[in-house]
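What follows is a set of structures for review.
Below, subunit A partners subunit B and then partners subunit C, in two separate complexes.
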Partner chain A sequence: MTELITGLLQESISGIALGCIYALIALGFTLIYKATEVVNFAQGELMMVGAYVNFFFVTTFISSAGEPTLWTFIVALAGSIIFALAFGWLLDLIINRPMKDEPIFSIIMATISLSIILRALVAIIAGPMSLLPISPFGEGVFSFGGIVISILDTFIIGSAVILVILFYYFFNKTRWGVAMQATSEDPIAAQLMGIPVNRVNSLVWIFSALVATISGILLAPKLSLLDTTMGFLGLKAFPAAVLGGFGSIAGAIVGGVIMGVIETISIGTLSFHYVWIKEINDIIVWIVLIAVLMIKPDGLFGVEKVKKV
Partner chain B sequence: MKKMTGLLISILLLLTACGKQAPAPGVTDTEILIGNIQDLSGPMKELGAVLPAGSNLYFRHVNEQGGVHGRQIKMIVEDHQYNPQKAVTSAKKLIEKDQVFCLYHVIGTSPCEALRPLLAETGTPLIAPATQSGTMSDMSRPASDLIFHTDTGYDKQTRILVDHILSEDANAKIGVIYQDDDYGENVLKGAAEVEQATGTSIQKEAYQRGATDFAGQVGNLIKGGVNHVIIAGVVKEPIIVMKTAAAMGFSPQFYGTSPTMDHRVALAAGPAGEGFIAANFANLWNSDAPGAVEYRELCAKYEVPEAYMGMYHFYGFITAKVLVEGLERAGKNPTRKRLVNGLETLNKWDSGAFPPITYSSSDHAGTESVVLVQVKEGVQTVISDWVD
Partner chain C sequence: MLKMVGVETYYGKVKALHGVSLNVNEGQLVTILGANGAGKTTILKTISGLVEPECGTIHFDNKRIDNKNPEEIVAMGISHVPEWRRIFPELTVYENLLMGGFLIKNKDLLQERMEESFQHFPILKKRQTQIAGTMSGGEQQMLAISRALMLKPKLLLLDEPSLGLSPLLVQDIFNTIKELHKSGVTILLVEQNVNHALKIADYGYVLTTGKIFLSGTYEELLDEEKVREQYLGEGKYVRRSKLWSGR
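So, the complex of A and B:
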């Protein structure tokens, strides 16, 4: 019995760490959706670009300054963050702003094209071979009572929680946050009320690129290899965002963690004891998603939107 | 005048008909055209440029020696992005428009499987498909008489690994982690065969392609009391599995099928990957095998960039050797039929890199064995002769 509980606990911890990665990507989706109602299908690719840029900084510093120290990583992180800010701003300028008055659907298609272009560009610049990421986290683990969690996973969980709290606070308590919500509700009315809609839009894209870069930096060492297909993980984060309630910041992390834990436990303990679960492993998260949406069509934390005719 | 033209045409037609037999597609007096379909922009794109470059290294060498029966080998490469439908489109283009003599080294199990009906319809041989799926040499499938496999299949690799484990430790508890697709299916086929033959029972844990976390599978192997684990993954999976196991204090002997025989596994897994044993279907490019020595000499001669040199480039090189041998045996006036017949005369033929290759009209598998390669102090080291 204790063995069963230890197993479940271990799988839950691993599942939470995996879920926090989904949550970080889902958070990126949510930020842009919340402010502009656009679903950015290039979110996974923004993460991939962030991971490559960070890799570029780390290797550049190592080649000029020798063996990596903690400072190498901190400076590389700072460089990557500055890049993310500029990148997010640029994307808003070239994708979002010119298409402002087009149907939402067109902008979504533009983000899909963006994802393909980014994958190709990175492959052209960095070459097709996968790279070995260099990270400061090492192989260290924390262990308590037979349950282990790696230092890297601790950082992933910590970052996800901190970012979600920060953005939650920002959206609900600050003037800019409220301005963003107003923009999403009715851009024209918001503009008439004196909200600088263009600046609000570029801010969400910047935030989104920032979150993506941080998740990319944390995910690369977890994947062991860095390649351009990393962005496909965005497709797994999408149901997480829907489960939590698309557009809800708290929902992103709750949806992500639920997905991660279900995935890990169903592959682990459940499959071990019930062979039939093994057969449905790959669809189990979708079953849960459909079940939740049947009961709560807007997701766990979604707010029901009523449109007046 | 009209009559004269008509007469002239008739005479010309008669002359052509009386002349020698019409040459096979892709074959002229000076050239043989080969078609290759790689993944240049899909998930396996890292190999897309490297594999044909390795083949072209050998073709260049052969061409400079005067070619095959005086004909230069020329290869056209198409991109299928690892998509079976695109593979069929590319193959149609190569066969119908470019009129290639045969297809060669097309990458991927599902793209190659998708080509079967087209191969059968057009009678085009496919030499050395770049996949280790045992289904490639399944003689009950369509066009199997036209496909010549060079790599020892995953089913055989699994069987060989399990046999090897049982010969070292008769009481071994074996587990296998497999990808839940056609690759894994072929691995499971081998596992089922060896279970039946030896009476041993193997614990099987699946993962989805693209999985990033293996805590569930590793946890189950611990619960099952397993002490030997075969990882039927690609590059990322063995790294993450071994790191996860090390973190959870689980230290069985790890083994892998041929796709895990990538030097990055040892590099990225670090101490967790020490002792990892992978099965490979050919000798290592940096070994003392004659094919590998020749490879390195030609790399030096033609100044191949160092970034290209390695197992994948070498794989392109050695399969090219098999193709060239087939073309030699097809004779001075090659036809597709003669190529097939020529290859079927290979009997324990030594390429200097693959295990001895034998084909017959009822067996196109070619090889039956692997070498075992172990990571020792971070370096891949061959620890066995051919094992079958």
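So, the complex of A and C:
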């Protein structure tokens, strides 16, 4: 029995780390959804592209400088972030802006096409083989009593927490952050205040690409495998966002963590003890999602939308 | 100060304004009256740049503004309080005012303006941290007006400020508008509430189906039976005394 409990505890921590990544992807979904009511189905692919770009930087630096040092990873991260900023800006320019007056449905379809195109492009450029990403922390672990935690997991959780705090600060305390909220609530009124709505929207896409890239960089070493199907993991962040209540930032984060923990535990200890769970572990997050939607259709943090007329 | 000449605006293929011309002079309170769907709101939207006119010109302070976007127009000194107030319902009162002053880069000036609007409407100071959407209709209207005043506009466009308010609050709102006007703000007011609007206005335009139908001062307009006909809808209203004039 104690074995089961230590197993569960250990996997919970690993699950929280995975969940933090889901939370970041869900945060990307939520940002765009809140601002423009578009569900960006390419969010997972943005993450995949980010992971590839980072891998490219790391390997280039290693091949030119030899042994990887801490600096290799820091410089690669900086390069990836710059790429993400430009990429997000470009996506807003080619997807969001030209289609501004189209029905939301058309823009959503465009994001689905974008996801397929990105997957194909990456496969063409990087080749169809799976790559082996290098973790800056190797196989390093901490251990507390019987529980072993990898440094990578700790780093993932730490980065996610810092990012979320930064976003929270930005949204609630800065002029542009509040303007972003205002624009998502009422773009017309925002225009009348002199808020440059177009610029705010491109900022939203830039942020969204940024969190996607960072989640890709964090996720690749955790999966210890990098290929173009990584984007499908983005779809798992979708139930996370819905679970939290689509459109709520706090909800996206909590929903992501819950999904990560459920998934890790069901794959690990639970399926070791109860074999049938292994059989259903791919669909387990979706079952949880449906259950939540049946009990609380607006998600855990969702507010019931009552429109005042 | 504001001069509209022959403005025609379309929504898709539907023509909403058929060549509207009007003037607002500095320091005036001008009102646009008209039934539902006459195009009153469209005039304001065209001035503030939310819709682009197909033809005609709009000049503000001798500068042409009909080809500018809303951000540029608000920066030039025209603030628009839209129909149904459109405050940001999930932001706090403070944040709403902050957004009203989005274009003010100087923090001290922003704070100063904030204090001024709290002086104008003490209720807003008390409600600073409240989520704006939970306030009453009257308070939301006060907020919408002070949000627009954050930039100290030269011209204030007010779109049906009395909409959906109880009669008591309507009186309050009109008093507020009157005071604003006295303090020197030039106002273009769109209203359905003819009596209230004409009482405080210097000049009025009556709009029917996208055209200016009549214009004049309070006395002139009040005298025009036509105004009443247009307003009270179908049917012709005849003065009682005239009923007997045939005898």
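Heads up, the rule we're going with is that the second predicted complex is superposed on the first by the 283 of 309 C-alpha atoms of A that agree within 3 Å, B and C clash if a C-alpha of one lies under 4 Å from a C-alpha of the other, contacts with A are read in each partner's own complex, and residues count from 1 in each chain.
Keep this in mind: a contact is a pair of C-beta atoms (placed from the backbone, for glycine too) under 8 Å apart; a residue touches a chain by one contact, two chains touch by 3 or more.
Note that the structure is a prediction, hence the values are computed from the model and not measured.
Participant: Would you mind checking which one, subunit B or subunit C, touches more residues on subunit A?
Facilitator: Answer, by number of touched residues of subunit A: B.
Participant: Taking the superposition as given, does A:F272 touch the first partner, subunit B, the second, subunit C, both, or neither?
Facilitator: Only subunit B is touched by A:F272; subunit C is not.
Participant: Using the superposition on chain A described above, determine whether A:F232 touches subunit B (first), subunit C (second), both, or neither.
Facilitator: first
Participant: In the superposed arrangement, does A:Q10 touch subunit B (first), subunit C (second), both or neither?
Facilitator: After superposition on chain A, A:Q10 lies in contact with subunit B alone.
Participant: Taking the superposition as given, does A:T154 touch the first partner, subunit B, the second, subunit C, both, or neither?
Facilitator: Neither partner.
Participant: After lining up the shared chain so the two structures overlap, which partner does A:P128 touch, if you call subunit B first and subunit C second: first, second, both or neither?
Facilitator: In the superposed model, A:P128 contacts subunit B only, not subunit C.
Participant: Have a look at where A:T59 lands relative to subunit B and subunit C in the superposition and call it first, second, both or neither.
Facilitator: In the superposition, A:T59 touches no partner, neither subunit B nor subunit C.
Participant: Between subunit B (first) and subunit C (second), which, if any, makes contact with A:V178: first, second, both or neither?
Facilitator: second
Participant: Name the contact category of A:E139: first (subunit B only), second (subunit C only), both, or neither.
Facilitator: first
Participant: List the residues on subunit B that touch subunit A in their complex, please.
Facilitator: Going by the criterion above, the answer is residues 41, 43, 45-46, 48-49, 180, 205-208, 210, 212-213, 215-217, 219-220, 223-224, 235-236, 239-240, 243, 246-249, 264, 267-272, 307.
Participant: If we count contacts the way the header does, which residues on subunit C are in touch with subunit A in the complex?
Facilitator: 48, 50, 70-71, 74-75, 79-80, 82, 86-91, 95, 98-100, 102-103, 133, 147-148, 151
Participant: Over in the complex, which subunit A residues touch subunit B? Could you list them?
Facilitator: Those residues of subunit A that touch subunit B are 3, 7, 10-11, 14-15, 17-18, 21, 120, 123, 128-130, 132, 139, 141, 148, 150, 219, 222-225, 227, 229, 232-233, 260, 263-269, 271-272, 278, 281-282.
Participant: So in the complex, the part of subunit A that touches subunit C is made up of which residues?
Facilitator: Residue positions touching the partner: 175, 178-179, 181-182, 185-186, 188-196, 308.
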